[in-house]
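By written order: A, B and C. Residues from 1 in each chain.
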């Protein structure tokens, strides 16, 4: 998802050989052809993505008026962002969410992958079945979880806990639990997807390395630690980065379950933006916070590329 | 013998736990949608009882879900076809041509992957209102307004670019020696060789377009043009609708993604891996 | 193709329909799937209404009657979600409708968006028939009118009569009575199914759209408190008073002692209604607009409407209304004003009251003095709402932008209700400062509060 052509290991070969073909063509048509192929995409991207994005971000510098002319306020919206205690809290929640959900999903996915890897038919069927959460839209999952984690004692999870002798829990109604339920939901939704990535990584590990380790009398744990883990480091790095980048923009999952409550305990950066921008209609401030978030995401992506290039080169 | 037996039992129990954890909630939804029992909010039934299709009948005909389904279908079909075509063209240029500005174009496209949708809601709305010169009308409140913006998707461009890069240069050169022009190379050499990748981006595109919520919400003002996810959103605030009917409508909304996934699983998994390995 | 070509309400003339279809077929040839917005030949206005599809037939009946009377066609649009955002986008795109039917309390926010046109009541035919208290709700703090009131309402308690009688409890009249009834409903298995699955009061505690604040308002007035106090030079926030604390303590008691439905703290009104309808809760504070739905389920014979209970400060209820707003840039102001006049006319009011339709009425309590609620509704329950409105109701304070204050207080109240051990006075003190800050942003903070 975060590919750039330069970073692709197998792209270089094709690219390097291209210039050989050039002399046969007239320079003009050679120069134009790529742009002809790109034209439809560029038109669409410019018109529907780039232009709205730039004009959206330009609102950061205005006190946006909808019917009258907006008022230029310079960096005021940004100052406000650094001075907003609710935003600080939202950043804190989002950070916890991202870190715990990422770790949780990766570990769960790795366990699932190790346990369910293999060509056997029943394993394939199970892998297919548990992929269901990954292809279901967030709105629907949120609805299902609200019902599952209903705080009544007849709510399905509470009923199950009651069977085990645990008192009914508040879950999404409890300020101390709501964020953790959302983290659990995120793990539930992303673990199967990550599992597929890990399964691919596991399949790619050279079997001879395992055999060699067995010959050396390595314990299963040592094999896991010295053969399996190094073998899937690239997969792990991808899973973690994707989860980080998406996690900081977490919105729909929260908005559709708790709306940021109770007592603001699940407010994230984007639900805060939504509340200020779209319920209180302060678009300028909402744009400013979004711009900051975008810059942060871009920085994360660049760090990721840097780390990745160190691994692959 | 006993140890292998008990380990097998343990394995089966573990399988069951995994399946119940990830599939159980969907089972409960399915049963509720087909059940005629009246339920309290936040209640689901796990055991099928008094099975009925009534919920679906009400959802599909009374709540006009069929119409939203049709709209979603129109948008997803044309959207996916256009998205894959435009992406394939762009990927061809990025993968097979060396030209000044290629890096800038990639960066430009990459940037759009990171923008929070909500922020561009108003500017995008204004763009849609503008009259398009050739047509002499604006696309606002038409299917086009829901289709065109999703045609550009960085993910599918990058994925196709990766796959097109992997096609050996020799095949292209051979075609050129036979007198193939640029278009023929694209259509007859490159496209057939990346067919599996086209399948993959088609599925990802399909699911991505099917689940669009914000775009159709701002793109049309006409009820009869609403797509299913938007309609579900308004059904949810309509307090006359029972949980059974809502779950039935939800299942209808889920079905296409699930069917597409089950039918084209292999391409789907390949897509995830490609995205992972190369991403 | 014909799907999106369904004629908008009021444009149902056969000719136009055929014309439209032909046109659309032609368009199909040149451009894929483009709907055309037909530029109407006749006089035409557009009206947006904030309501769900459930009562769309009521809106249609109203606009159809208007078209029949005046020949002016009406294009309508309604939605229950995303309404304010849609207005904001339309404002930015200069594609606003001529008239918006929305909550009276939304006036501040719509004014802040700069999309409202002030109205001289004298320019609306029949304005003198509208009761003065209703006009108050349409007046902004600058003394000008920005809307025509079309409907008023107060709130009351819907109680499961069958449950109450089965348990031998009296009609609740005070906070203590309501508390006892809620306890009985929760613990004494009023539905007799042998399961512990019933609760007392349905409470919408979610901060979404400010529901917590909206719900708490009636109780705050019952406790003798208020959100703000109006001074000559602005407003003084008063959410740190013992009265407000008393109201929150009372409601928090219901939630923490599990006398309200599970998940109350995240519930919106969309979540609470089903709890009452399905027999999960037995006490439901709401407006008369829910009468038709509750008559259908749980049933007319099972539900009674009782006046709001008296708290330490007596009986009180939030007064709300629906107003018809005239927007800036209305293409045909004369036609729009004719519509406003029609909405407040006895005929328009009666149609929008939708008696007997089983649908949520657009007009709950009529604002036109010439319309007799009793004659139209012929239902004593409606008279309870009318009496409450006339004697005990409070409109939300007329601060410049109430929506912002509602969001802030909802957040603060939700914080208190969510934590059973929260220090209520301390939390309210913090909240009071936030309200003062917001008032100051709106340039409406009284000097005495600084």
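We take it that a residue touches a chain if its C-beta (ideal position, glycine included) is under 8 Å from a C-beta of that chain, and two chains touch if they have at least 3 such contacts.
Keep in mind the model is a prediction, meaning the values are calculated, not measured.
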Task = Look at all chain centres (mean of CA atoms) and spot the one farthest from the centre of chain B.
result = C
Ask   = Which chain pair has the highest count of C-beta pairs that touch?
value = A-B
Task = Calculate how many whole Å lie between the centre of chain A and the centre of chain C, each centre taken as the average of the chain's C-alpha atoms.
result = 38
Key: Cα-centroid distance, chain B relative to chain C, in whole angstrom   = 37
Key: chain A and chain B, separation of their C-alpha mean positions in angstrom   = 17
Request  = Could you tell me which residues belong to chain B and also touch two or more other chains?
outcome  = 40-42, 122, 126, 233, 236, 243
Key: chain A: positions in contact with at least two other chains   = 146, 150, 152, 154-155, 278, 283
Ask   = For chain C, which residues are shared contacts with two or more other chains?
value = 85, 88, 92, 197, 261-263
Key: Complex contact set, residues of chain C against chain B   = 3-4, 6, 30-37, 52-54, 77, 79-82, 85-86, 88-89, 92-93, 95, 197, 261-263, 269-271, 273-275, 278-280, 293
Ask   = Tell me, which parts of chain A touch chain C in their complex?
value = 65-68, 146, 150-155, 168, 172-175, 257-265, 275, 278-281, 283
Key: Contacting residues of chain B [partner chain A, same complex]   = 14-15, 18-19, 21-23, 25-26, 28-29, 40-44, 46, 85-87, 89-90, 92-100, 102-103, 105-116, 118-120, 122-124, 126-127, 148-149, 151-152, 155, 157-159, 161-162, 165-169, 173, 176, 182, 186, 207, 210-211, 213, 229, 232-233, 236, 243, 246, 250, 253-254, 257-258, 261-262, 265, 269, 272-273, 275-279
Task = Within their complex, state which residues of chain A touch chain B.
result = 1-6, 8, 10-11, 14-15, 17-19, 21, 30-31, 33-35, 37-38, 40-42, 44-45, 47-53, 55-57, 59, 112, 115-116, 122, 126, 128-133, 135-140, 143-148, 150, 152, 154-156, 188, 192-193, 196-197, 200-201, 234-235, 238-239, 242, 245, 249, 251-252, 270, 273-274, 277-278, 283, 286-287, 290, 293-294, 297-298, 301
Remark   = So, in the complex, the side of chain C touching chain A is made of residues 84-85, 88, 91-92, 96, 109, 112-115, 195-197, 205-209, 261-266, 328, 403-404, 407, 411, 414-415, 417-419
